[in-house]
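Pasting a structure below so you can have a look.
Letters are used for the chains, namely A, B, C and D, taken in the order the chains are written, and counting of residues starts over at 1 for each.
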Amino acid sequence: MSADPGRTRRVFFREAICRAVGETLDAEPNAIVMGQDVGAFGGSYKEFYGLFERFGPARVRDTPVAEAAMVGLGVGAAAAGLRTLVSITYMDFVLLALDPLVNYAAKARFKTGGQIRVPMVVKLTAGAKGQGVAHSQSLESWLVSVPGLRVVAPSNVADAYGLMRSALQADGPVVYVDHKRLFPTSGALDDSVHEVPFGLAAVCRPGRHASIVTHSYMVCVALAACDQLAVSGIDCEVIDLRSLAPLDLATVCTSVSKTGALLTLEEGQVVCGIGAEIACQVQARLGPVRVMRLGAVPAPVSSNPVLEAATLPNAARVADAVRRLLMEG
Amino acid sequence: MSADPGRTRRVFFREAICRAVGETLDAEPNAIVMGQDVGAFGGSYKEFYGLFERFGPARVRDTPVAEAAMVGLGVGAAAAGLRTLVSITYMDFVLLALDPLVNYAAKARFKTGGQIRVPMVVKLTAGAKGQGVAHSQSLESWLVSVPGLRVVAPSNVADAYGLMRSALQADGPVVYVDHKRLFPTSGALDDSVHEVPFGLAAVCRPGRHASIVTHSYMVCVALAACDQLAVSGIDCEVIDLRSLAPLDLATVCTSVSKTGALLTLEEGQVVCGIGAEIACQVQARLGPVRVMRLGAVPAPVSSNPVLEAATLPNAARVADAVRRLLMEG
Amino acid sequence: MTASNDIDALAAMLLVRELESALSAREDCGFQLLSSGQEAVAVGVAAALLAQDQLLCSGRSIAPALARGLDPGRVMAELIGRASGPCLGRGGRGHLSQPSAGFFGAHAVVAGNLSIAAGVALALQARLDRSIAVCLFGDGACGAGALHETMNIAALWQLPLLLVCDNNLYSVSTPRAAALAPQRLSDLAAPFGIKACTVDGMDVRSVRGAAVALTDHVRSGGGPAFLECVSRRFASHSTSARETRGQQELAADRELDPITRLEKALLLEGALSTQTALGLREQVRARVTAACAFAEASPLPVPDEAFADVG
Amino acid sequence: MTASNDIDALAAMLLVRELESALSAREDCGFQLLSSGQEAVAVGVAAALLAQDQLLCSGRSIAPALARGLDPGRVMAELIGRASGPCLGRGGRGHLSQPSAGFFGAHAVVAGNLSIAAGVALALQARLDRSIAVCLFGDGACGAGALHETMNIAALWQLPLLLVCDNNLYSVSTPRAAALAPQRLSDLAAPFGIKACTVDGMDVRSVRGAAVALTDHVRSGGGPAFLECVSRRFASHSTSARETRGQQELAADRELDPITRLEKALLLEGALSTQTALGLREQVRARVTAACAFAEASPLPVPDEAFADVG
């Protein structure tokens, strides 16, 4: 894609990521990408397609299946002067790489008295799409609780681009969470080079009766639920957090003060989840409001279509939760 | 220790653990213990002292420094018929072993349609005691959110014994969390063989004005805070959760309905923490109550005594939080 | 090895090939990881196992499951998500399992089953019935630290564990040479004093011969062993993955087809007649048709099962 | 190597020994991981490094830090938690670091620094100034999968990385033979085609000789190398850990003292006089006294620093 500011094109989610990464590799000679099948193959979702041809094997590096070392190398390289993007196909496999990420990267700047910084992005694909118990988890809440890590999770093409741009400019480790079900989506992206700053949520749909606070693919689910609810005259506001750490509490609170009702929605587990944190922070600031949390049921996510569907939030469940929330009040 | 039911002795925390493990090894010929320096050395805190001599190297196994394989072997052995206890010195290092624990053990029973069960205990030592950024973390909230894992965390000698007994009888994976600062403590333990069931919290101190809900070493901190508060006429109830998954919401709610004020206290991070979960569940059941959460500040925990102390909850901070909580109301 | 073993092997390989082609013709089962081309590895290894042994494998698990003797109908049911699968349709692709049949099962995390298999071996060692655990994994798993940790402990504890690397020369799109430094993957076993060898994974007789020798070694208390089988996968990484290899490479690979190879050899050796060969294919096709019918007649699980057996 | 190198090495080893004994006499600094007995490894390796190289190590980091030329006063300050340490007293024991001095630093997770060091090597490789990364780790780390993953990638990518295993024969209480199957730990490098050797880690000249040869290899683009140094630790695992070895073993270990050994050799060879030797010890003692004074004069960090540099 050659730039043509002002012009807007329809692009796939993967193209938005690819453009942001490509621009960074162009602008920063010391930036590199590492991951399984990110080279000639172009990434599991083609989200790195063409980068290998443009920047060569030294800067777009295929790695062995060794998530721990991939992140460890990314951390070390970033700490020693390269800007690194490490791609891990599924979020489940970051479990193999938490030692370098949490025990080293997140703490390096603090523990060295500011001598070392780790400008690294770890890109993880969360969510379920028929891939079974060890390829479907959404573990954002874990990473959000680690001091020193920033966590972002786009729900659409523009944010996929803008958040990746920001992530690749950060001076500390960033976890960039995308989602299997977002890759088939497309959306408008203008040709200007622009960042989406961290810590800024977006109001994707204004509404009066309840605030649905969510992120990543669940934004699409929330919007679909709003359509269903609108039919029965219920008008919900949808807040897309975009950045989970730092969290934009102000935007959430503005919405909840207006609607008086909060539904938190996430694809991961509810227990100790993002929703719990938001519910607590909102109430600490606003006082008691009607709150409900929705997320996966407490069970593994099977690849079985019947069971997967039974496990995860969908538009009907979200709509139902909103109705119950409003009835309670 | 030879049994003498009815008789009560004062034992150290480590002795309580050791007795429960020893009794299990005695009763179950297919039970084994694995871990670094658990053999002749008897464990980092002597919590396995004497077992190697009693049960030999095939059942009390020293392992290499390979946390991932240690847990993987523990899982496989448990799934194939042994009862295994895997000891990982510090909770920080479980980050190396989350793949077998979360991606396999927690899901095995579900994914095999009940064919495989994993009667394994993973013992982890949490908390800070001057050991620095990568040896001081309390990550219970992560494990609590994994469907299929049970998580317990004793705060005293009797529970250390009774929860270990229960853990070693469970038919699925259990994470047993002890704490560096509990090892020097001692307490009364009677000679009877008895379990502390999962999912049952304890009221350690009755009180009227506020409920402090906590676990592990923070129970001691909470009790010390209560002593300080009592001087100024504030009378707090302390709930020791003991079992974090399953959670005993009933006991917590009974207490909070009585006092009307809830302080959640944990040594780990507040964000997406145990406290957030409890606050949400309590309010979902009881409606709005005064709530405050206290935990570590959002920063790594240095080994530096000044900084470590600045990072963690202590009695003064707990007392202060209770005062603020009650003032708000 | 006798000719009857060879004919069993041929039938087993045909069964895998036939079931997989029935499977890939379906559109209702998501993507699948096929073993086509690599049948000789699972079949050759399984031929060396006894009933009390346990086989574990990677997500590429159809050949291992069938080679271990699981019922094709139930395997098919599991793969298409039906309740009569051994895992009640919950495990599905990548997580086939039936320990009662000596198939502890698949685990879809690359290298994730290695230490689990060592644990199974530890449990079997305690049994003293000379049973062993066998873990099949891909070349991709050889880049993972799990292999190192597992080999070290297995060697130290002399575990009855046979590690079998089904080296199909690729991890998704990444050629083995771009991902793994060792000359031969079986060289990885050497530092640990683990007995190892590399064989042609397209020749079921070679695989079986080596598997018999190494299982004997493991079974008799000699400690773990490592077998590398160099194979070729005929399809792309999964039924939904892009193919990256050129036509020429794929054609050359097909020349090595382990089924044709064994069949030709048996015909040449007079151990098989064209007639019998055709009959065998017919039988296998009938088994697969029956398996598909069985699977399709089986219901999907009910949604409430999403909560079952979590504890 | 010239005698002046030897005398520098002697001084460097004495500095470690002396600073550590001053440290262990204190009661205000928590437990510490001492290098006493193992000085020759860090000193011998550091002698082969250039200013632009980066050294990383395990939690047993006092000898590596001092050998790399960090100021003893600042090192002491860091170890006793004072603000004038290079990490401002926040890293402390197990996390010493000063990248500007070529000491990327310590990391207290066993094997945790291996892949980090490979990443540093990757960054250095891009620089084209022939600088290299060196990672020191214990025998304990050789059981961890991180070593395997790191060696494989380092070999594949021909990273300028020297791996140095300071094999003191124990991981806490566990004898190396009970934790690690390989005959020699340097054998672990062989499958990856990584140049490797094992030397007597109690002889600083042997260490230095091997380190020079291997750093030359790495520096000239030959890819990674692996050096095993067999050493003895004189104290227990940490200043708070129980000693598990018998008096006899400890006494035999002390016979191998790398400091006495080098000193004796130099006296014998006439490269050092008793006078100069005594003078050297005097100088070192004075440096350590000054270092302690500097450290003690430094303030503790203020509590608010608990929040600093987290982002």
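One rule holds in what follows: a contact is a pair of C-beta atoms (placed from the backbone, for glycine too) under 8 Å apart; a residue touches a chain by one contact, two chains touch by 3 or more.
In this text the structure is predicted, and so the values were computed from the model without any measurement.
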Chain pair showing more contacts of the two, B-D and B-C: B-C
I'd like the Å distance between the centres of subunit A and subunit C, where a centre is the mean of that chain's Cα atoms. 36
Hey, how far is the Cα centre of subunit B from the one of subunit C, in Å? 41
Distance-wise, how many Å sit between the C-alpha centres of subunit C and subunit D, to the nearest whole number? 46
Which positions in subunit B are in touch with at least two other chains? 63-64, 66, 68-69, 92-93, 99, 103-104, 110-111, 132-134, 147-148, 298-300, 302
In subunit D, which residues are in touch with two or more of the other chains? 89-91, 95, 107, 109, 112, 143-146, 149, 152-153, 156, 178-180, 310
What kind of graph do the touching chains make: line, ring, star, complete, other? complete
Subunit A contacts subunit C in the complex at 36-37, 39-41, 44, 62-66, 68-69, 92-93, 130-135, 297-300, 302-307, 309-311
Could you please specify the touching residues of subunit A with respect to subunit B in the complex? 68, 92-93, 95-96, 98-99, 102-104, 106-107, 110-111, 132-134, 141-142, 144-148, 245, 268-269, 271-277, 279-280, 283-284, 287-288, 291-293, 298-300, 302
Complex interface listing, subunit C residues touching subunit D: 143-149, 151-153, 155-156, 178-183, 187-188, 190-194
Seen from subunit A, its contact residues with subunit D in the complex are 30, 58, 61, 63-64, 66, 68-69, 71-82, 84, 99-100, 103-104, 109-116, 147-148, 171-172
Subunit D to subunit B touching residues, read off their complex: 30-31, 81, 89-95, 107-112, 140-141, 143-145, 171-174, 178-180, 242, 244, 300-307, 310
